[in-house]
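Before any comments, here is the structure.
Every chain is named by a letter (A, B and C) in the order it is written, and numbering of its residues begins at 1.
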Amino acid sequence: MTSRRLNLQGNQACALGAIAAGCRFFAGYPITPSSEIAETMSGELPRVGGTFVQMEDEIASMAAVIGASMGGVKAMTATSGPGFSLKQENLGYACGAEIPCVVVNVMRGGPSTGMPTRPAQGDIMQARWGTHGDHTVIVLAPASVAETYSETIRAFDLSERLRVPVVLLLDEVIGHLVETVELGTTATAATRKFATGPREEFQPYAVTEDLVPPMPRPGDGYRAHTTGLTHAPDGFPTQKPDEVRAAIGRLSDKLVLHRELIESWHSQAADDAEVMIVAIGITARAAQKAVDDLRAQGVRAGLFRPVTLWPFPEQALRDVVAKSGARAVIVPEMNQGQLVLEVERLLGRDLKVTGLNRFDGEPLSPADIAARVREELAP
Amino acid sequence: MSSRTSGPTNVLIVGVGGQGVIMVSKVLAQLCQNQGHQVKQSEVHGMAKRGGGVFSHVRFGAQVWSPTIPEGEADILVALEWAEGLRWINFMKPDSGIFIADCQRIVPPFACRDRGRGAEPAYAPQTPEEIMEQVSTGYAMDATGMAERLGNARAANTVLLGALSTALDFAPEAWLEVIEAFVPPRTVEINRNAFLEGRAWAMAGSKRVDETASGLHRHREVARHGPVNTVVEIIDEWCKGCDICVKMCPERCLRLDGRLVAELALPDLCTGCRMCELLCPDFAIRITNTAVTDAVTEAAQ
Amino acid sequence: MNMETEMNLQDRPFDINDYIRLNMMPHFLCPGCGHGIALRALLWAVHELGLDKDRLAVVSGIGCSGRLSAYVDANSFHTTHGRPLAFATGLALARPDLTVIVITGDGDSLAIGGNHLIHACRRNLNMTCLMLNNEIYGMTGGQVSPTTSADRYTTTTPAGNREPVFDACALAAAAGAGFVGREVTLQVTGLKDLIRKAIAHDGFSFVEVISDCTEIYGRKNDLGASPEMMLGQKAVMRPDTYRSTVDVPFRPNALKTGVLQQTDRPEYGSSYRAMVAARQRDSGEDR
């Protein structure tokens, strides 16, 4: 099959990316502005022999996705702010029990019901820290419809390879944006390692070299136990300090070990940038235009765009900024300042890091960002 | 019976609940009344619904004073159930009493008081032959079997009425007239045949034991456990001393020891019923029942 | 356990040790907890149905009942509070080849998970939900639950419970569960038979097990030790086989036990898969 050129909405691209990645189970609950993902999945999944189910609530749809994944099937759910909040407990279960799954959050204005049809980027920190307790999660933040398609595939790939839930963080603009997309048919996602070998000595959470234990699949004869309680390598609950430390430690060590696989970022005109912009999602699209416009006017602005938002590509940002010799960093975002906290943590000791915040339900424009850069460079 | 001139004729009808003891006695009482006798009938059927004993006294003659038959005064004993017949046998006139019984065995619950696997029920052990030796006239019938072959086992009581009719001076047509008035219209034909068959069988002799009757031995054919060896294993480490097995054991053969762990205190009483095993929430009890095989049989195999 | 013995499992008389994880024993339940008896009845039914342990999935929530899945030698999933039915829905839809059994409690399924319960009943997806009703949140120390009887003392009803209770079976039946039944733990054989019927039923089966919490609930309410509690439970139950016998007017509060509802409503999974098959045929023709 050749690639297809299609006019697609971000939410539809997400659904098609999921199908291409081998997702065969979707559970969801209607919520603006993510409903198109569920709608598309409800039509597409049956065509490929998959299962769509609209559950009774957001919590149930997260649980059903984990349930399907525990059955060995690639699974996804999609939601927005209030629903994302409701999913957090079970998202934590997927973190702790290492159940692969993809959770799409199409961000809208908050807090609470907020502005369901207006864009925002207020869930950046929730995506990382939303569920209780020490946990690690991967968050991807595409900035175009095409990237939504490819990052959805990558979300499955990472989730399956590393047995970690992946949050695909869109914003309302990306979700509802219609663009011409070239759907590559070559991109595929890996399928998790299923347990093989002798059943007697099998340990569902054994410490392997890659720190990703092969997953037992029901019906394969391993008859393992899966629990949200902190568990030892045998899968059963433990409260022994050394076992607990090893179990919780491995969850984060796993992502550190596979950092290269996980991290993805783009830079634009960064090499000699005096001012570096760090942005994600639709704000990064505006920043791209701002950088182009500024460069055309001779202003040395650059852009660092993390596609993998969490774990944050720390070293890449440090390297890009160090190489550029930038003296200031601006972090535009559609909230009161979340991404800026991480950038400050990484660069704030040596550089001036400031935010550019908009939280009125309107996206930041290239002009907003360009003006802020000029302001920074003004004597 | 025609020689009987003084005092009432006493017929005692016994059985267990549901067999039709009352029906038999009502037929007899009605018939006697039709024939111009004074009749007194009394019955007890307290626990009949639960399979308990039922008996009915029918006394008829020129003049009857008391409704009940004194011990040793019954002219005829009609038993719808074998052991019930034996229970009342001392009510018969020692020399001249007539014994009419179905060999059907209905083993009552209390006959199973020894709940050990393979234990013999405490049912009357006497065989029909032994009983026939004790009476001058007797019929050990397979009334149930005969009725079954006619199409309805419930007509067994009418078979016995047929046998009873040979011992009393009433015309068969008079009997049938009353029977037909008592039974449901649909079963008139079967009851008529049952009466005639019972009558014919009893006419053939004054002491008969149904040779072909599966009657008395019917229940022996039911699969029965041989002697069983029960092993009770209690896993001390799993037992939490909740007391359920101790309290729920029908034989009260378990107790908690000093450490509050269940132990089998009275192994001889254990019947291997597995109640303790099934109700143990900690899976700490395991019962193994093994059939004790005959060493000789085993060796032969 | 070697393969040979496993293959012959169904031919042997039921031995619970064939179905539990021996390395996890003794289990963590308090002395006299009825949940252990319920677990035995479940595993006994599994044995009698000849189910393959490899294709058996036991999903549980949080609470005393939630811990039971860890003791079953099968694919076991100890999920989050109130959500086992939702997890199981995903699992059963994704893997129709599995026999899915959910073990939940009164708080787990009627309070925090109430929404999932009614929708699972409505959806009628093939799985069996075993709801162990001990009238209390035992794991957290004995707080009032949606099934705590009137006037009973709990750690959060120091003056006695004033809230009315849920009749879980009536709820499940009204919500459309294909199979609804109730039994007390004392009738372990009847419970086993009931669970057997529930698992065999094609659709969503809801079984309420009247269990006892002796240590926390019984003690606080002077209900006696486990044997007394079990006998007391049986005394207020009325087997469905009694129908409307004479004792009804004298025991108006008696709860019925046995099979309370069994319907032939279409099973959701198979009807969905039929639609999927039709869609796949159609898209095949398109090409």
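In the analysis below, a residue touches a chain if its C-beta (ideal position, glycine included) is under 8 Å from a C-beta of that chain, and two chains touch if they have at least 3 such contacts.
Just so it is clear, the model here is predicted, and its values are computed rather than measured.
Of all chains shown, the one whose average CA position lies nearest the global CA mean is C.
Ranked by the number of C-beta pairs in contact, the top chain pair here is A-C. The greatest centre-to-centre distance from subunit C, using averaged C-alpha positions, is reached by B. Averaging Cα coordinates per chain places subunit A and subunit B 81 Å apart. Subunit B and subunit C have Cα centroids lying 44 Å from one another. If you average the Cα atoms of subunit A and of subunit C, the two centres end up 37 Å apart. Chain contacts: subunit C has no residue touching two or more partner chains. For subunit A in complex with subunit C, the residues that touch the partner chain are 24-25, 27, 46-51, 53, 55-57, 59-61, 63-73, 75, 89-90, 93, 216, 218-229, 236-237. The residues of subunit C lying in touch with subunit A in their complex are 21, 24, 53-55, 57, 59, 69-70, 73-80, 83, 86-95, 97-98, 115-116, 118-119, 272, 275-276, 279-280, 283.
The part of subunit C that touches subunit B in the complex is made up of residues 15-17, 20, 25-27, 29-37, 40, 185-186, 188-189, 214, 225-228, 230. Only residues 237-238, 240-244, 246-248, 278-284, 286 of subunit B touch subunit C when the two sit together in their complex.
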